[in-house]
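Each chain carries a letter (A, B, C and D) given by its place in the written order, and its residues are counted from 1.
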Amino acid sequence: MLETKNLTKEFDGFRAVDNLNFSLQKGELRCIIGPNGAGKTTLFNMISGFLKPTYGEIIYNNEKITRLMPHQIAQKGIIRKFQVPNVYNFFTVNDNLKIPCQIKSEGRILLFTHLSVEVGKRIEEILEIIELKEKGKEIAGELSHGEMQWLEIGMTLAMEPSLLLLDEPTAGMTRDETKKTGEIIKNISRSTTIIIIEHDIQFIREISREITVMHNGSILTEGTLEQIENDERVRNIYLGKEK
Amino acid sequence: MKKIFRNKFLILVLIFVALPLVLSTYYVNMLSLFLIMGILALSLDLIWGYTGILSFGQGAFFGLGGYVYAITAMNLLCEVQIRHLSHYNVVNHGGTTYISILLAIIFPAVIAMILGYFLFYAKVSGVYFCIITLSLTLIFQQIIMELVEYQIGNIPIGGFNGITYVPRISIGIPFWFYYSLEDPMHFYYFVLFCTTASLVICYAICNSPFGSILTAIRDNEIRTESFGYDVRKYKVMVFTISGALAGLSGLLYCSWGSFISPASFDFFLSAETVIWVLIGGKGTLIGAFVGSFLTQFLENLLSDVLVYYWLLIMGGIFILIVLLFPKGIMGIIYRLRLSIIRSPKKQ
Amino acid sequence: MNFEIIATAIFNALSASSILIVSALGLAVIFGMMGVINLAHGEFIMLGAYFAYIFKSLGLNIWASMAIAPIPVALIAVIIERGIVRFLYGRQMDTLLATWGISIFLIQSIRVLFGPEGKSIPHPFPGTFEINGLFFPKYRFLLILITLSILLLMYLLFKFTKFGLKARAVIQNPDMSSALGVNTPHVYMMTFCLGAGLAGLAGSLLTPLINVEPALGLKIVVRTFLVVVTGGTEILLGTVAGGAILGSTESIVSLFTSTYFGNVILLILAILIIRIKPKGLISKVAETLK
Amino acid sequence: MTVLEVKNLHVYYGESHILHGINFSIRNGEFVGVIGRNGVGKTTFMKSIIGLLKVRNGSIVFKNQEIENRPPYEISRLGIGYVPQGREIFPGLTVLENLKVASLWKERKEKKYSFDLVFDFFPALKTKLHQKGGTLSGGEQQMLAIGRGLLTSPDLLLLDEPTEGIQPSIVQEIEDRLKTINEKLGLSIILVEQNLELIFRLVSRSYLMEKGHIIREGTSYELGDDDLIKKYLAI
């Protein structure tokens, strides 16, 4: 489904992503872990079109998307959640969800058509999934950190993405909020391929099958959680004794 | 919510319909000017309040609208005997001015679209956009001042002293009968019609799904772009509409005073428009009118008494508003109303 | 193209560029370095001209009054920074609107105090000098030299003095500088005050060339912004580059057509530069003028 | 005597509650560690001490003076040196200028640590004095940041993940330097680190942080074989 061919991004001398060959099958729930500065978010920025790679290609459903604009890539079904919760702070929760729903159900330029019932129903469904049922009227900016993360996940859901990029969905969440996020992502992954960048080992233990470990801009190793845990090299990066 | 709002809006319109019956022609004329300037403020509020694009170029579209109207109307309706460069007399043969009105709206809209495409597709935004639009107003002004001896059709553009004897708007059925709105009362009602129409259109735009995307762009452009909306396209569209509105306001102004010159759309007009929208409250549409009415009314009232001091005070008010309540008057009203509704729930 | 035309063209280009550079220098510090959009920059220049006028009418000799004119301007700038600008750091749009309010306020107060009509100041250095048949105004030549010396002074100030080091550190990373014991609010105030002083100096230097009237700032403010924006983030070098290119193009074009047209060309050229190189002509890779 | 005492510290980012009632203390000359995974609030804790983040409630007492919510430059002048995560050196200034910025204020009062001391510790910096900060490698930037922290002549040095993203050889060098700074100069240090081996070799006492709470405090020996540590920090 998604494949990168020796993808590289250089920031005046420093190689954030270095000849990365990453591939992902349809329906997978892949986690990417690695210490700070391993190039995870830079990889997401390139896939979603916000950052042009120095060289290398990104292929999605065997179509080159390396040079496309962010909105063109989003229209192809690749939707991302940003590392810092990126929602419409001054809108109510309902309005936040209205924006993505609109694009899905009623085409692009909808000058004088009003919100159809169907979009309203869709918002209710999503509120149910992300468990913000009673918070519909609240202003997004006043939600707790965890609730904002859920709202943003809900918004990406509204786009019915074929590939979902989640950047540290559980950052700043309490224990039970993380657990709840795990469940939400698990039932999303039935219909959508997901890549998650995460640090929380407990969280990864619960939800993931395939894991990719990144370090200094390239893939160190890939495999299931058990393989990763016993891998000496991975232990070192995390405990700082890398060779 | 929709119902209550519609009634309030109707009441407001009725008040304005009744006003001229009770006021002297001087005040009716003044009201027409306020409404005309309100449309200009509306054009800025549409892009700044709703989409987050602060443009200093509204003055340029305003002037463009005025000049296009003056030139086309005079060419079509009048016969000009030129005795000396700035001294000519005009014979008005009459006829409806629909074409001039249309052109005076479409021309600035097209220029706005081209300019919008040129700037937004290069991701020019924020401060750079302000400075470029500001310098465009100056460019347009300089070009007009330069064309002293030139003529379009047989109408002298007149450089710095502008074009005079511009015919008033006249309505009716083309080639059959026409009725020129010389009488201030009739002209006022035409202006009121235009104001209500543009407010309704802006309201439709802002409350439609298209409008919610505009506010989404204002609140969080990156998020909106990553949902698949081509942000640049929307910006160009709303900028074109705003150019048309500013053009409408320009043509009404030119027809109101039967005169248009580079001075009528100078640096200071762009500044005033920003002040009106800021004082009235960004992103509330009605706020644009409230701001422009209040400021212009005070200006008229106080300017003969205070003359210079008035601008001193306006500068001061402006600073206070930016520092203390960036939401403006309507913002305060909303906040008051909001806190009344929400306060019981909060305790 | 015989010798006379080329010589005049070059001289005009040099003099126009130096006028643009000196009037844009203060803005380069306040807007270029600090990122504060100061729409009252034109008014600081105007104040400089008026204070030169005031000191002259108080009987000081013209050179002395031109030299000390920037000091009161800098003091006024301190009040403005402490009272208004300080609360708006980081909020670019609000600083833009607030400084616009200040600009309106200053123009009107000068109109009230000194009346709208222009003031005349005796020309400090009249006369021309002659090179085989061509006459060049002495003052404009002097102005080119003064501009170069101000640029040199600024370079030395920022490169080798304690204040210069603190200013550069604070502007690159205010939080880190503060965590190292640098009194950042104080440095911001002094830098703003320096920028305003430079603008005041430009005003007093330009008095013989422009008519001193309350609204003289409005004509200058857009051009100086365009110089700093097209110049780019490398402050001193960028402003010189921006000023030189825009200044000389305008002076050459207006030599052959009209001053109006020259002005239009300057504006169009600036817009093209911003459109093609958003980070400006000479820009440090690290910083962009957000 | 305790040089820094933190009581019931609560810090928020907007609405999200990051630090929940932190208690922390460090005696003069002590080397204390703060460990925990990414995003638990270690950096937030350091920033609130140096004054870069507002403290909603709780107190921070340094040399028996309340310093919470005072501007960073006042806290730094009282004697706290700060080496931030990501080093944050001035890219446009040369190495010498970076160091000079730190020592500007102390000119008037006595100078606790001199430039020579910093150059003894980090000879690599001496060779690149006039190079722009932005051109240094990760390791060199880290040395510059630590040197700069020292030149503010602090009585307490805050170090936020000094070994993050640095080649092992330089990590070793930094470890030795920190040891000598603490032992020879008697400078008390708070070290935030993810690298457990490194921290347990250097510090006498550590605090384990999890989701904004301090959940364990003890000497390196006690924490060394504590199964809780293994569970939380093992990858």
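Operating definition for what follows: a residue touches a chain if its C-beta (ideal position, glycine included) is under 8 Å from a C-beta of that chain, and two chains touch if they have at least 3 such contacts.
As the structure is a computational prediction, the values presented were derived from the model and not from experiment.
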Chains touching both subunit B and subunit C, listed by label: none
Remotest chain, subunit C as reference, centres from CA atoms: A
Per-chain Cα centre nearest the global Cα centre, belonging to chain: C
Most contacted chain pair (by C-beta pair count): B-C
Distance from subunit D to subunit A - Cα centre to Cα centre, in angstrom: 33
Averaged-CA centre spacing for the pair subunit B and subunit A, given as whole angstrom: 44
Intercentroid distance (Cα basis), subunit D paired with subunit B, Å: 57
Computed distance of Cα centres, subunit C from subunit A, in Å: 48
Residues within subunit D bordering two or more other chains: 134
For subunit B, residues that touch 2 or more chains besides their own: none
Residues of subunit A touching at least two other chains: 12
Chain contact graph, described as a line, ring, star, complete graph or other shape: ring
Pairs of chains, among all present, that meet the touch criterion: A-B, A-D, B-C, C-D
Complex contact set, residues of subunit B against subunit C: 54, 118-119, 122-124, 126-128, 130-132, 134-136, 138-139, 142-143, 145-146, 267, 271, 274, 278, 308-309, 311-312, 314-319, 322-323, 326
Contact footprint of subunit D on subunit C as seen in their complex: 162, 165-166, 168-169, 172-173, 175-185, 284, 286-287
Touching residues on subunit D, where the partner in the complex is subunit A: 13-18, 37-39, 134, 163-165, 168, 171, 193-198, 211, 233-235
Interface residues, subunit B side, partner subunit A - complex: 204-205, 208-210, 212-213, 215-216, 219-220, 222-231
Footprint of subunit C on subunit D - complex, ascending: 50-52, 71-73, 76-77, 82, 84, 88, 90-93, 97, 100-102, 104-106, 134, 148, 152
